[in-house]
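Pasting the structures in now, so scroll down.
Below, subunit A partners subunit B and then partners subunit C, in two separate complexes.
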Partner chain A sequence: MNPTVARLTLRGLLGRRRGALLLVVPALLLLVSALASGSSGNEHDLTVKILGQLGLGTLVPILGLVVGTGVIATEIDDGSIVYLLAKPLPRWQIVTTKLAVAIGTTWVFAAVPTLLAGLLLYGTKDGVALGYTVATLIAGAAYSALFLLLGVVTRHAVVAGLGYALVWESLVGNFVAGARTLSVQQWGRSVAEAVAGDAAIGADVSFGVAVPLLLVVTVAATVLASVKLAGLTLAGEE
Partner chain B sequence: MATITIDKVSRWFGNVVAVNDISMAIGPGITGLLGPNGAGKSTLIHMMSGFLAPSTGTVTLDGAPIWRNQQVYRQIGLVPERESMYDYLTGWEFVLANAELHGLADPGAAARRALGLVEMEYAQDRKTGTYSKGMKQRVKMASALVHDPAVLLLDEPFNGMDPRQRLQLMELLRRFGADGRTVLFSSHILEEVEQLARHIEVVVAGRHAASGDFRKIRRLMTDRPHRYLVRSSDDRRLAAALIADGSTAGIEVDERERALRIQAVNFQGFTTLLPRVARQAGIRLYTVAPADESLESVFSYLVSA
Partner chain C sequence: MPPETRPADTGVIHDIGYRGYAGPRLGRAYATRSLFTQSLRAAYGLGRSGKSKVLPMLVLGVLTVPAVIMVAIALATHRSELPLDYPRYLSAFGLIVSIFLASQAPVLLSRDLRYHTVPLYFSRPITRGDYVRAKFAAMVSAQFLLMAVPLLVLYIGALLGRLDFGHNTGHFLFGLVTALLYALVPTSVALVIAAATPRRGFGVAGIMGYLAISTVVVAILTRIGTGIELTVPDSAQWAALLSPNDLVESLTNQLFDVGGGGDRLHAPGAFGVAVFIAAVIAMVSGSYGLLLRRYSSV
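Up next is the complex of A and B:
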């Protein structure tokens, strides 16, 4: 961790319009939960739907995308990354610091509201709220690492990230069962199911597979981002 | 004392060759990297500052490779051409952050010293986003100088500056050059380069066109054959009178344009000869226009020389 890199990254992330954008995600989740908790019906099903599909399935990847790319892609785009890179700093230190900021932000803006929404909807029954919170913590970290990597390797990180989260995880994953094995969202569900001990959460990937895959993706994305950042090219502007 | 050595370096992007087999050494003092836009100056500076790998050849700082070697930044200060620089920070915060990132023992003192060097203390508490172009340039300089580097690389530092800011920056760079630092800056304006740099490297279309003392470069540029388009009251009689003098190499009568195309050997000689000959022969001059005065044509002459 480099405190200066962390400070610059955090200010860039939370300052300006993006800071407000980040608030939309928890606000939406809490608003929907508050509305739903007043309605009658099967509370358990409702909670699983809101926390699973809206929270873990949609809002967490979108937040991860905004944050993961926001901690580095913006600086690469506008060229200000030069001021970090023209320093005798190990590249992995820049990447891990930015990743830590991204994960922390995702936790604050996604995991905390998930816990609150879960408690609001279903209380502490069956450990559902806790299960989804842990899942959001872990999936949020994996998304952050993945989207940070995208920010380093492509100038179209947001498009590529949306492609992964919406097209692959949601669209393809809906129709092709095999695609669900390679999906951060499904790994998260598997974690939620294991923590809550609740088969209704409906994970498609077993816990024993999900955890190693989450670890591998997070670590590999971080290592690759460090290597790619060390060879970052400022090219072809003439 | 630090020297950047570029040895048989080429760089291409796909099919486009941006830098073509260039070798040069940039030593202490001020060096100007001169060339028209798109000549490969930025590509060269990117390679010298470790932000681009050469396709072939090597770029080294005192023998150590620059590409993928973060330790060189202890000696290199880079002033990039682009302006974005965390505009939500104040000038002070920005320079201080740069000092911290270098791991300096006393970043506060280093930032104060650097801001003092560029005389930006008066605006250091304003956000850099509110700065004028010249102020941004100076704060960028401060960020590059914060660790007292032996090498300073500046990509088009005078772009968009007003004359006063230009003079200030030149004065500052002169001081660094006099301190024995290695200062390299790029520009596409000859006058700018020769005011500041004793040593000039000329790059045209990715090739190393000329290298040396500014007087030598100036001579190369003014001694080349100059072409003029001249219209007068009697083109043929004027042509006959001009060709008798040694400073004219060739004259073509362009019937369609109703003008003379004159190739002069000696720039100085021809410009005094033409009005004198015209007056003696009682010929009126209607048009005297240089036919190839654009910088690009001057540069391309240097390449073919």
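Up next is the complex of A and C:
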């Protein structure tokens, strides 16, 4: 961790109007929850749909994508990363600092509202709110690391990330059960299931598979990002 | 040669006169058309590097291959109908079309903003309105072509397999109208988002974020409106107005009477159809107005 890099990254991420735009995510989650809590429908079903499909399935990957690529890909894109790389700082420290900022931002903008929305919708019953919050925390961190790596590796990080999150996890995962084994969302759910119980949240991947995969992906993504950043070539846009 | 022995300077400046171009000029319309063609080609990565062709061609492939497979299945099993109706095919693959839109709309707009080439365009005869018109038309055409190809595959396959000609022609035309609506409504909103940021990444994330999140929000609001009932009541169908993709799906489902099941999205009744058509017009013209305003000062 380097406090100066962290401060500058945070300012680049949330400065000007960008922070306000990111606020749309928690605002939307809370607004929909408020609407749903006044409805007559099946409470559990609605909670699962809002926290699972909207929160964990859509908002968290998109937020992770914007934040994960936002902390580093924008700087690589406009070339200002060279001023940072020219400083006597180990490259891995730049990566870990930016990753910490990305994870922190994802947690504040996704996990906190998930907890609030869960409490608003379903109270503390069955640990549903806790389960989805844990899943959001885990998935948010893994997404941040993965999309930060994409930001270093390719100039088309956002498209690649969207392809993974929406096509692979949502579309392919819906039809092909095996695809869910390689899904960050399912790993997050699996850990949450272990914490909050399977009455709260269901997962398709067993805990023993999810944890090693999570650790491997997060650590490998961070290491690979450091290695790639150590030999970064600034390419022009084709 | 040493300097002192050099002969006196004999250089002269000849006045050959300045000649302005007096030949025929191709004019504004030609420039606008060129911008349109160039943008349409750019949307598919034609005339650009191999890397920028990958995604558009991949999307086109992913969208067309299932159509080929469906035709093959229908022919092999001697069915009297295609497995998916033409308009339903487009709704089923809406996500893929959205990905094309999200990735290519910023290619058309953000890059010009980022490298400050927009003022260069405006130093030519074309006006700001022409620029917006050309880019808008190019993106709409690109989207329409993308969806027309699989429909055409289905149609030709159906005709070759001697399925009912009248039914297939009618529904193929329904499909084309649906494709046009899908090419107009989400695209116009996406172009406004793409024009708002010079960074391609933010544009892509913004467009896809809006399209994906609004679809999920519509699904949840519909569920809230449904309550404990089994089929979605008409009162809950209004939620579709929030999402461009669902708006088109609801409208065409009702207009062409396609789709089925309890969770079928449809515009509620004749009044609903009128409101949904009004929403389509408002969304497209409103976005076009916003684009014109965006480029009134660049």
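The rule is simple: the second predicted complex is superposed on the first by the 231 of 238 C-alpha atoms of A that agree within 3 Å, B and C clash if a C-alpha of one lies under 4 Å from a C-alpha of the other, contacts with A are read in each partner's own complex, and residues count from 1 in each chain.
Basically, contacts are C-beta pairs under 8 Å (C-beta built on N, C-alpha and C of every residue); 3 or more make two chains touch, one makes a residue touch a chain.
Keep in mind the model is a prediction, meaning the values are calculated, not measured.
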*asked:* Looking at A:10, would you say it contacts subunit B, subunit C, both, or neither? Reply first, second, both or neither.
replied: neither
*In the overlay, answer first, second, both or neither for which of subunit B and subunit C A:59 touches.*
second
*Of the two partner chains, subunit B (first) and subunit C (second), which one does A:215 touch, if any: first, second, both, or neither?*
neither
_With both complexes overlaid on chain A, does A:32 touch subunit B (first), subunit C (second), both or neither?_
second
*May I ask you to decide whether A:50 touches subunit B, subunit C, both, or neither, giving the answer as first, second, both or neither?*
second
*Touching A:119 in the superposition: subunit B (first), subunit C (second), both, neither?*
neither
*Pick one for A:230: touches subunit B only (first), subunit C only (second), both, or neither.*
first
_Let me test your reading of the model: by the given contact rule, A:85 touches which partner, first (subunit B), second (subunit C), both or neither?_
first
*State which residues of subunit A lie in both footprints, the one left by subunit B and the one left by subunit C.*
237-238
_For the subunit A and subunit C complex, residues of the former touching the latter_ = 28, 32, 35-36, 39-42, 45-46, 49-50, 53-54, 57-59, 62, 65-66, 69, 73-74, 77, 156-159, 162-163, 166-167, 170-171, 237-238
*asked:* For a test of understanding, state which residues of subunit B touch subunit A in their complex under the given definition.
replied: 13, 18, 37-43, 46, 49-53, 68, 70-71, 73-74, 76, 78, 80-82, 84-86, 88-89, 97-98, 100-103, 143
*Interface residues, subunit C side, partner subunit A - complex*: 48-49, 51-52, 55, 95-96, 99, 102-103, 111, 199-202, 204-205, 208-209, 212-213, 216-217, 219-221, 223-228
_Complex contacts: residues of subunit A adjacent to subunit B_ = 2-5, 7-8, 11-12, 15-16, 78-80, 82-91, 230-238
